[in-house]
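Notes follow once the structure below has been shown.
To keep things simple, chains are lettered A, B and C as they appear, and every chain counts its residues starting from 1.
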Amino acid sequence: MSTEQSDTLFQAPPMGEQERMIEAILFASAQPVSKKTITDRLPHGCDVSEAIAHLRKRYEGRGVKLVKVGDGWAFRTAPDLGFLMQKERYETRKLSRAAIETLAIIAYHQPTTRAEIEAIRGVSVSSGTIDLLLELEWIKLGRRRMTPGRPVTFIVTQVFLDHFGLESERDLPGVKELRDSGLLDNRPAPGGALGDTSQEDDDDLENTDQDDMFE
Amino acid sequence: MMSEPTKEDIEEFEQTTKQRVASEAFLIDVNGFEGPLDILLTLARTQKVDLRKISVLELAEQYLKFVEEAKKLRIELAADYLVMAAWLAFLKSRLLLPPDPTEEGPSAEELAAHLAFQLERLEAMRRSAAKLMARDQLGRDFFVRGIPETVSHNRKITYTATILDLMQAYAHIKTKDNFEPLHMRERDHLYTMEQALERMRTLIGHAINWGDLNQFLPDGCRDDPKFRRSATASTFAAALELVKEGKMEIRQDENFAPIEIKTKAPE
Amino acid sequence: MSTEQSDTLFQAPPMGEQERMIEAILFASAQPVSKKTITDRLPHGCDVSEAIAHLRKRYEGRGVKLVKVGDGWAFRTAPDLGFLMQKERYETRKLSRAAIETLAIIAYHQPTTRAEIEAIRGVSVSSGTIDLLLELEWIKLGRRRMTPGRPVTFIVTQVFLDHFGLESERDLPGVKELRDSGLLDNRPAPGGALGDTSQEDDDDLENTDQDDMFE
């Protein structure tokens, strides 16, 4: 407790008032405020340490708490309420062309190796693409190939089948059906010329333009 | 010859000077006024009555006097001050005369009442403005949170693709270069080892003596070098296969010499 | 008090917890946060109005207070402690008399047209004055008047209310007395004397707007 200083020229404000003052200063300050700065700003004779202790206690268990940051004091959101400071935004994105092609090759040719996917697509397949498909749980690792290097193979998953509404991989329309439905016509694919080298950068995450659409 | 100014003269002079200074101060300050209504409000205040009880007639006279003073002092007043003077002169005459029942439009009392209302309203707005500015103000008397925490936006991305996307993507690859890794392409100009083996098996029985491997090549090799190359390799491989099976013998006298084969006599 | 809804799928957090959450959200924001935003960020089933009432009470007499600003809520330092805040004080531009009067007229007569402002002040309003007030975000454009020429109207903003510590336009000093004494009425000059320009936009039709604002 503070010792009463009867010899000070000006009476220090009551403790409750000192608390209020510190509360206001810490609230409005753009940086944590050191004890020295608080003392300088408060009227003469205030017991800053005691007032801070009171104030800290007052905010215990509240939505904000009084914390020491370096040699200063500041109000901060209670850590358990951090989730309120985050806003979750759900976005739906279309898979990139690289990802959907890779996925299609795995679906039609499974089990298939990365080298085979690259041979079919004619470009290298980025790790990002494979990782994304693995993360989405649309593909998983199959058995290793019994060929030199024993490369890993990829196969599609139940999640894949569920997503695309297929009972089994056999339900995928065959090449003949694709041709019959006109999907195999020799027409340029939407969004790019054949052998478009830009496909080499398989970015799945690059569609910043698209992001805006969903904000 | 001029007489010495008396005390009275001096006093009178001082008095008029004072008046003149006062009136000039008022006039010179015209620039500081915001138009005739502002001046009228200032003049009205000199009546020291509630604006609701203001004598508009008296106010009109005060204003006209002010305009007269300005003319005397050759101060150029803006047009709107003169328009107001003309209007007030008209109002004054209307207020002094008994009402003419044949005259159309609003009565002099109505016009006077509206002028009083305008003055009262302007006064009220000025008082309100002063009260507003006297309030505690943000950034002067009270303050916002100094360390605002921004709300962070977490993105949760769901990727979508339809079966159609999948099929189109596959179709796109298929049409890109007709590359079919799991089905051998129809290769017109190639001769597989299987083909060579099949041919050799049917011919081997006839090869009792050593003969050049080239004799066993299929028809059509002469015209197509690419096919010939392929057939040579396949036939050679097939021959090795048959040697391995013990059905044939193979020999070559030296490097690049013709390769000869013959059927192996059963032991 | 809120009625307990036993049929809600998710139990709302206890009232004390709701209070904490709102405390954290409002502490974190320099701008007033609308009741809707608070509701959106809180778990389902919270009684925001009640929690705010509790919270407001809790901060009564403290160094910071919970204030209502238009349709939002914000924490602000107690005005009597302003003297401690020299460091945080920012110089507001000194407003001209014309700007202050124009602002007051818009606040008390909103929505109001430029012609009406001119009729009240008896002089024309410079564009600079309106621009300055718009720039300060103290006024903004309201709906157009449904009168000939469809003039734009001006209204005051939440920033204005926040700046002057007003909950709403109804709390403007003396507004009730002014209304009762008829000084906020739109009274056109009889016979269109005095070059009253407000005559141009037939003010008789629009009074419904103003009623909305104050009733």
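General remarks:
Definition applied: contacts are C-beta pairs under 8 Å (C-beta built on N, C-alpha and C of every residue); 3 or more make two chains touch, one makes a residue touch a chain.
On a predicted model such as this, the values are computed, not experimentally measured, just so you know.
Using the mean of the Cα atoms as each chain's centre, the chain most removed from chain A is C. Overall, the chain located most centrally, as judged by its C-alpha mean against the mean of all protein C-alpha atoms, is B. Once the centre of each chain is set as its mean CA position, chain A and chain C turn out to be 37 Å apart.
Distance from the chain B centre to the chain C centre is 27 Å, each centre being the mean of its Cα atoms. Between chain A and chain B, the centres computed from C-alpha atoms are 26 Å apart. Listed for chain A are residues 24, 27-30, 75, 77, 85, 87, each touching two or more other chains.
Within chain B, residues 143-146, 149-151 each touch two or more of the remaining chains. Listed in rising order, the residues of chain C touching chain A in the complex are 19-25, 27-28, 41-42, 61-64, 75, 77-78, 81, 84-85, 87-88.
Across the interface of their complex, chain A is touched by residues 143-147, 149-163, 165-177, 179, 181-182 of chain B.
Looking at the complex, you find that chain A touches chain B at residues 24, 27-31, 74-75, 77, 85-95, 97, 99-101, 103-105, 107-109, 116, 119-122, 132, 136, 163-166, 172-173, 175, 178, 181, 183-187, 189-190, 194-195, 211. Within the complex formed with chain C, the residues of chain B that make contact are 34-38, 80, 83-84, 87, 105-106, 110-111, 114-115, 117-118, 120-122, 124-129, 131-133, 135-146, 148-151.
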